[in-house]
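One chain, chain A, appears in both complexes that follow, with chain B as partner in the first and chain C in the second.
So, the complex of A and B:
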């Protein structure tokens, strides 16, 4: 380990020594107000910096893909929340008319349940930027859910939609309609039971609503975790871009040196106060690791 | 100390290097760089450089958070710490990565994503802190302790 360490250090020392002259140049440039541009000074270094600059652009594209993906997921989650609320309202209506209620009361709530079904279908056909959110890869022309007053059918597919968030990384953004198709079935079963004034069928429908509600919460949670993944990736890209810019600062030595010298000059009091502790800090970490 | 003129001081007078540190995850944007060395140039203190062993051309300017205002002290999760060997608090050395604001020409610090070093295991990692008030471009001037008379 010692040998390896000193070998590595020697290599870096060699590198730095080779750069001493360049460093002196840089300091000369600072004192002569940057007479020479870095590009003409050192084409290789300039190429590296510009390569990293193009990486920055790429990362910005990925970040924009992520923002788009998050907006898609949020829109979907909001629609699913409304579907969940509709399920709970249907259940409340069922419980209110279940007990001792007379048949006529049950028939009276049928239109309300029907309205809930239509609201759920409307949510299932939500669009984002002109595209259906829940149709799988069928995002145009065909509405994912069709309701003929009797039953709801799903006309989408189970295809997943992704956003490119890295050179070889794609993250999923969609929930497909088949993941919550049974929510419609449960409320329709309730509507039919109310219409038929069938207490046993109502109980079955209420149980069904509970089951699909739980499933729907899981689906919403999955959307939340897709969103979280995208957010973490976005954070990482943001930091990557800051690091790349830091590298570019460093590669374009003139600006950095100038900024440091200026900082140290302007914050002279600070620097003086810290000089001893800075020494201690530097040396302690360096010694520690030596 | 040296009898040579300052401009021709030997490299060891001017530059101090640490032993290599392991960065198992690299750094965001530089994931392939797994080993870094701390570099201190006498005339540039308290600024340091985090230089890649894999590619010595790659280096980032840094400064110890411990020299700066205490309000920016770190809140790092146990999970993050476990990735560099769960160091005790006394064994954590935190640093901010710096860059130059291209408009102002001044130095900014990334307080949102400090680099932390486990000085015992010699492992390092850049962590992303999810706290309000932390930004990727805090002017370094704002972090300078003031009015403490020290």
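So, the complex of A and C:
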């Protein structure tokens, strides 16, 4: 092949440009730490990374749903604990004044029992972040429990509140007021029996308190298991998230070690090309003619 | 009959010949870096004996024997391959611009905005009473809608820029055709530099549009996809006609001016612009429209079935007039009052978030064919990414081919300093020898004269 000056020049330019392009590309990968930054870099890996990111985003939302749900359950369980304590105190007061010998003290404990009822109502109407915990889906404006001094009525509904914890999974987080409405009835029955100084009615009320206490314990246990389910789901999500992070990284991050080695190789090539170009450009027949 | 006078004459002719040769070498050397210059050679033929007595030796330096060193076959190859190369490289740069318009990056694109939109509904499902959660839903929906609007707007403005480019290219093609026809008229054949100039114009023309070139004596015929652009001294113009539909999406067809003959542009920069303008952008816009319309319909259907804080049902969430990505927007009454966002599937239950929940679940429902909205969008981005990658691949291959042809051209037609300098030294020596011939003739003549 006949070699001419402009051919050499063009070739030098082509080689150097190609070298520079490759260097710039590896350099971009190293400095951004991303091998795949836009879809056209590698459509398959880009798509994989964006799917994983979308999943990760969803999982993070689920995790925050779970945290929110757990806070709600814990708040509810604490209120229920107080209600249970009140039941036990009412029972103690009843047992202390049950004997015929102490029947004269019955009237004295009525105000205590009244106070317990009010405390229970207060707990039943407790709020979390401005919302009634035990009203079902009626969470605003209407208090779940209304006490008129004679009886307690439930104004909420049986609607369940749930939190999304997976693509098709919702977990329940609430206990509705109707599940422990009878606790109020039992203590009010006791108060009325004490007021009437009626030993037989007191016996019936104590038995009733025992029954509702057991029921309430079951309700509290159910809340505990709801919480446990949420926590397990959260643990699973956290493990999944760690995996997702590493998948995302595999899909779009650059292998630094490899990239740096490549960079060094390219740099060497570029230097060699520059060096040889400089040498060849300096050779001319003119230097050798008189 | 050979005489002494003739000897001096031969010496003179030799000197003139060498001088002319040195001039040509000088011209070649000074054009060593001129793109499209073909080196020139003076062909010297031996002088026949009978001519020595009767005719001038000057015919040896006649223009007929000065010629360009050029390979027509390589030129034809070059013209068809460079058309393809410039098509792919233009296509690549246009598609990369589109990729930039369509925010395809994983952090800021429509994809993440969609995810955030669904996640806002999820937040509202947790907290249907909260006006903060409602505001978040509205704001994210607005951001999403505006992002659709923006992408649509930018595509349309991209199209209008492309349309300007198309017209500029067509102007250049017509201009080149006129110049080639003009050179056909003035050249024919006796001016090597004008021939180079014409080939340079054809080079540029081949980058713009696919052409076939035929030599017809001293002039060239240029045609594209079977339609004549330059024939002898006549050139034919191309013109573009643009039609824009209701949604602002344009289509461009190219015809030979004054006729209805449509030009099927197959390669060159013009074809890249036309392909992106006529096919790629409308296709992407159509897909974005499908996404926007589906989103509006699906969200509205659920939203209408729900109750808001004011106990009203049957309201649309997105403006029902949505025709596509250009017009998607949050319904103005909802935008003005977030309490109107429906969350409950029963009247009067402020804590009931079942509708918000169902809306959040839409994220995973196959709403377009068997794809979710997010998958549909990712597929759209993936298609574009594939298209860019494929074009880059084709461009790189084509670039190698064109570089190779360019090298071959240079190898044949390019000026070599070594050759020219060697040649010059040779001619210099020939000149000295020829001058010696004259002085020898002079000495001989003097000797003869002394005889008298």
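By our rule, the second predicted complex is superposed on the first by the 205 of 290 C-alpha atoms of A that agree within 3 Å, B and C clash if a C-alpha of one lies under 4 Å from a C-alpha of the other, contacts with A are read in each partner's own complex, and residues count from 1 in each chain.
We take it that a contact is a pair of C-beta atoms (placed from the backbone, for glycine too) under 8 Å apart; a residue touches a chain by one contact, two chains touch by 3 or more.
Remember, it's a predicted structure, so these values are computed and weren't measured experimentally.
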Just chain B (first), just chain C (second), both, or neither: which does A:138 touch? second
Using the touch definition from the top, say if A:51 reaches chain B (first), chain C (second), both or neither. second
In the overlaid three-chain picture, which partner chain does A:259 touch, first (chain B) or second (chain C), both, or neither? first
Is A:68 touching the first partner chain B, the second partner chain C, both, or neither of them? second
Contact-wise, after the overlay, does A:5 reach chain B, chain C, both or neither (first, second, both, neither)? both
Partner chain in contact with A:236 - chain B first, chain C second, else both or neither: first
Kindly classify A:244 by the partners it touches after superposition: chain B alone (first), chain C alone (second), both, or neither? first
Does any part of chain A touch chain B in one structure and chain C in the other, and if so which residues? 5, 9, 11, 285-286, 289
Flag every residue of chain A that touches chain B in the complex, lowest number first. 5, 8-9, 11-13, 15-17, 20, 24, 45, 48, 55, 59, 235-251, 255-256, 258-260, 262-264, 266-267, 270-271, 273-275, 277-279, 281-283, 285-286, 288-290
Chain C residues touching chain A in their complex are 32-33, 95-96, 99, 104-106, 111-112, 115-116, 119, 122-123, 125-127, 129, 344, 346, 348-353, 357, 360-361, 363-364, 374, 378, 381-382, 384-386, 388-389, 392, 403, 406-407, 410-412, 414-418, 421-422, 425
Residue set of chain A touching chain C in the complex reads 1-7, 9-11, 14, 37-44, 46-47, 49-51, 53-54, 57-58, 61, 65, 68, 129-131, 135-141, 157, 159, 161-164, 167-168, 170, 252, 284-286, 289
Any idea which chain B residues touch chain A in the complex? 7, 11, 14-21, 27-30, 35, 37-40, 44-49, 51, 53, 56-61, 64, 66-67, 93, 97-100, 102, 105-107, 110, 112-113, 117, 119, 122, 126, 128, 136-137, 140-141, 144-146, 150
